[in-house]
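You will see chain A twice below: alongside chain B first, and alongside chain C after that.
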Partner chain A sequence: MVMIEAMNLGKVYTVKKKINFFRSEKQKVSAVKGLNLTIGEGEIVGLLGLNGAGKTTTIKMLSTLLNPSSGKITIDGLDAVKDAIKVKRLVNMIAGGERMLYWRLTGTQNLRYFGKLYGLSGGELEERIHDLLEEVGLTEASHTPVELYSKGMKQRLQIARGLINDPKYLFLDEPTLGLDAPVAKQLREMVKRLAKEQGKGILLTSHYLEEVEELCDRVYIIEKGSLILHDTPENITASVVKNYHIKIESSALSTFQQNRIKQGLSGCSIEFSELGDSTEMHIIAPFDPTALIINVCMKESIAIQKLELKRPRLEDAILTLAKGKLA
Partner chain B sequence: MWLPFSATFQRNYLVMKRAFPWSFFLGHILSGFYIIIFAYLTYYYVFKGDLSGRFSIYAGTDDYLSYVILGGLLYSFSVSLLMIASRAIITELREGTLEALLLTPTSRKGYFLGYVAQGLTRVGVEFTVITVTGYFFGLHLQNINWLSVVVVLFILIVATFSQALVLGSFMLYFRDTYITQNTLFVLMGLVCSITFPAQFLPEAVRWIGSIMPLTHGVDALRMVWIEGKSLSDILPYLWKMIILGIIYFPIGTFFIKRMEKYVLEKHFG
Partner chain C sequence: MRLLSILVAETVKSHQHNFHNKLIYFSLLIWPALLFVTAYYSFKPFNLSDSSPLFAYMDVDQIPMFLLTGYLGYIFFWSLVQSAWGMSYERQAGTLELIFLTPVSRIVVMFSRAAGNLLEAVWLFTGFTLIVLVVTGNAGDIHWWNVPLGLLILSVSAIVWGGFLNIVFLFSRDAGILFTIFEEPMQFFSGVRIPVLAFPVWGKMIALIFPLTYVLEIFRDLVLNGKGLVELAEPFIVLFGVLAFLTIVSIFLLKKAETHAKETGNMVLF
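Showing the complex of A and B:
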């Protein structure tokens, strides 16, 4: 099958630790340990973890920038170390921030330069530059030096640079870092299109978990270089976060009505607080209790003024996992 | 190799057009100019035109000013070339474009050659300015074997480019340009027969000059420029430069590649 496959991937860095002003000693630090990962065609895969989890190192190994210390990466059957030159034609990487562009060149000149480094030339290159600039909405600014671009424009040009070789696999390392909400939304839509319409396999790291939840078909969660969970965002959330939270504001409740609600929602934790002529209920349940609570309220003739259901999100799952690790 | 060569040449040309490196350009011209003016003043006002007999024997000429001006000219030429090639990768690193470059399957040879070829256009202007300046301070322009001058310069460029790859590896390892390059340049100014023949130096340090392509280049250039000697007369010097180039090139290529990985691990790991 055509895909990226990382098997038992490991990366050990040698770092110097200062002992005193004159002396330092070398230490081995494992940034990635025995990671197994796959990315299929047209699939968006998330790679999550706290800072220093090994996400960037993993992306750099997959994109041939770093050689793994152990394990193997194959991309469409090619070895990422031995066949690095061939692999480089199949992949590209886009990092958040304002690096990876020549600020004194214009948008067009940047794309032309990188296109030539990928072996493109003539009409084919010019056509691709034109299409990409249009795709990322930079046609009007195509002849403006990058140093005059806004952060969002630089990021959009980076995306165009990352697509200049029409890669089959794209690695996105915090691509929406520091972007305005509308620009970030545009980028997410573009990423979806690239995967679903053009069949590109995409690996995404992001600290914006709603973005990962919205885009990713599968998510790998790594901690200190090791894989701790791998599943769809929904399954991860369901397996890690057990509780639903509901807040209901209703007409003032008598003690009797409060007891009836507690009886009707056995197995749930319910807290009542008085808000003048109304009552607020905070329900925590291991299932979605919306239908049940509405039913009880109707039976008891309780007027619901406001109902707010907080579904478990991937962010809750990551926070739960992080709490567990930090505790 | 042609595409990365032309792409890098064009890229650097555009960057130079947009932000001409005036400080480097003037700095290199001034360093050549200072050598000339220093030699001129000391020759006329300190030594009163009185040369040591040993100078004529070692240098093979009594024309001290042409000797020094050509030394300054080639020193400045060599330093410019070394700086252009050796700083290529560390500049990419500092500007945050190294990863984007290394992601591409491009030929590194084409990249470096494009970088150097474009840089040579600037070095050529520096060379001309120093030559013209030197003329007003006593550099003679008669009896020059121009074909031989071109050959000497070409071989010197190739050998110096190879040396620059080694220097560039050191720069990447130490993540420094200033101390690394200037240490080499000071050493070159001292041991490469720039302002005085290397034979005046103690035996123990003369070997340092012999491993610098500039030493042989400057000796050869003086022979074809001052004495109008032919290519066959300077063949030993040309061979020494070629051999040094052959030695430096694989060493530089090997270490540059290693250092590229090294800095990526060091900086971004």
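Showing the complex of A and C:
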């Protein structure tokens, strides 16, 4: 199967630390350590981690902009270091933010320039520009200078630029950074289409964990350059976050009723708070306690006014992991 | 074909990016024209007769032509220092990294960038020079059949120079020092205003550093003195050697710069 395979990937930067005006000291900083990663065709893979975890360095190594200090990257069997020029034809990278475009050029002119750098020309190039601008919804603004684009439009043009060489593999570094919810949703839908309909292998980094949960087939979580977890978003959540949270608003409860609920839900943590003529219960359980609490309430003739179940999300998993690392 | 496509892409990008405001014509024409006029009138108060110290090195009657050809050559070379300075913008905008993300030949991009920018920067002053020659009645002093060859040599030399500078700017975000080194010193020591032969030995040594020195010598001999290829064989060989050296150094530095960027990730620092 053709794919991207990174084996035992490492990157060490040498940074100069100034001691005084005349002297500086070289220090080695490991940004990525022994990372193993694969991306298959049509697969969306998430790369998560706190700031400085090594996500961008990993993406730049995969896209041939950085050489790994150790390990090996093969893309469809090609060595990303030795066959860098061939690999560059297969990949592209899109970063969030408003840089990486010529602001004084129009959308069409930007795409035409980058298309020529990929060896495209004539009718083929013009057709691809037309199709991409249509795909990202910028046809009407195609002859407007980029400096007059909104943030969302610039990001959509970035996506078009990243697709100009019709790459097999696309690396998205925070592609929805700072975008409005509707524009971010549009981009997410486009990313899904690129993977599922066009079979592109996509690596995605994002701080919006709901986005990762919605899009990614598999997720790698890295911490200070090392892999700490790799699985589907669902499995990661299930393995890291053990607790379900339920918030129930009911008719005012007597102390007797509160004790009955506590007895019926042994093993769970329950907090009661009075809200005038009603009571709010906050239950934390290592299992889904919905059926149990409804059963107890029915037995005790407690009227449930509102029930809110918060299932564990990927975000909870990351927060739990981060808490563990920061503690 | 591919080279031509990249050359066109770089020229068009440069035009679309730089010709955004009509003030650009000020720097393309008014500024170099002012430089020429200022230099010409700064000679006026001095003794320019046969007893002038300059007479030993040049025909003092040819001072306007000497200055005009000097400034034409200088504008060719200086415009590419400015163009290389524009690499800082590419670095800041993140587009430099995107160029290196593509499989395009880096050396082709660097020299095409120089060629594209040169074309944009010099056509107006070249036209101005021709008009001055006709209007001032000095057209007869020019050996016109040598002009195309002179301009070709000037252009090729400037492109090699510009490509080299673009590559130097890949190394560092602080390459702005080149601006200081190449503005006034290149104008003075390359023989734009005063013949290099008139310099003391240390001045002549400095002049050898600037490729413009070799180009101007040939350009003036072709255009003002009507010398032929055979007579100029020696300076041609020297110029060819200088340009070959610059090209080899450029190729070497480009490989170094990309390897360095792949090790350090410095292409995004600004």
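Keep in mind that, in the parts below, the second predicted complex is superposed on the first by the 327 of 327 C-alpha atoms of A that agree within 3 Å, B and C clash if a C-alpha of one lies under 4 Å from a C-alpha of the other, contacts with A are read in each partner's own complex, and residues count from 1 in each chain.
Here is the rule we use: a contact is a pair of C-beta atoms (placed from the backbone, for glycine too) under 8 Å apart; a residue touches a chain by one contact, two chains touch by 3 or more.
Owing to the predicted nature of the structure, the values given are computational and were not obtained by experimental measurement.
Engineer: Here chain A is shared; do chain B and chain C fit on it together or clash?
Structural biologist: clash
Engineer: Of the two partner chains, chain B (first) and chain C (second), which one does A:N92 touch, if any: first, second, both, or neither?
Structural biologist: both
Engineer: First (chain B), second (chain C), both or neither: which does A:K168 touch?
Structural biologist: The answer is neither, since A:K168 touches no partner chain.
Engineer: Who does A:K55 touch here: chain B (first), chain C (second), both, or neither?
Structural biologist: Neither: A:K55 stays clear of chain B and chain C.
Engineer: Is A:K154 in contact with chain B, with chain C, with both, or with neither (first, second, both, neither)?
Structural biologist: Touch status of A:K154: no partner.
Engineer: Which partner does A:R188 reach: the first (chain B), the second (chain C), both, or neither?
Structural biologist: In the superposition, A:R188 touches no partner, neither chain B nor chain C.
Engineer: Given the touch rule stated above, what does A:S121 touch, chain B (first), chain C (second), both, or neither?
Structural biologist: Both: A:S121 reaches chain B and chain C.
Engineer: Show which residues of chain A both chain B and chain C reach, each in its own complex.
Structural biologist: 13, 57, 60, 63-67, 85-86, 88-89, 92-93, 95, 99-105, 109, 112-114, 116-119, 121, 161, 165
Engineer: Looking at the complex, which residues from chain B come into contact with chain A?
Structural biologist: Those in contact with chain A are residues 3-4, 6-8, 10-11, 14-15, 18-19, 95-97, 99-106, 111, 261, 264-265, 268-269.
Engineer: For the complex, which residues does chain A have touching chain B?
Structural biologist: 11, 13, 31, 56-57, 60, 63-67, 85-86, 88-89, 91-93, 95, 97-105, 109, 112-114, 116-119, 121, 145, 161, 165
Engineer: List the residues on chain C that touch chain A in their complex, please.
Structural biologist: Chain C reaches chain A through residues 2, 5-6, 8-9, 12-13, 16-17, 20, 92-95, 97-104, 109, 259, 261-265, 267.
Engineer: Quick one: which bits of chain A touch chain C in the complex? Just the residue numbers, please.
Structural biologist: 13-14, 57, 60, 63-67, 85-86, 88-89, 92-93, 95, 99-105, 109, 112-114, 116-119, 121, 161, 165
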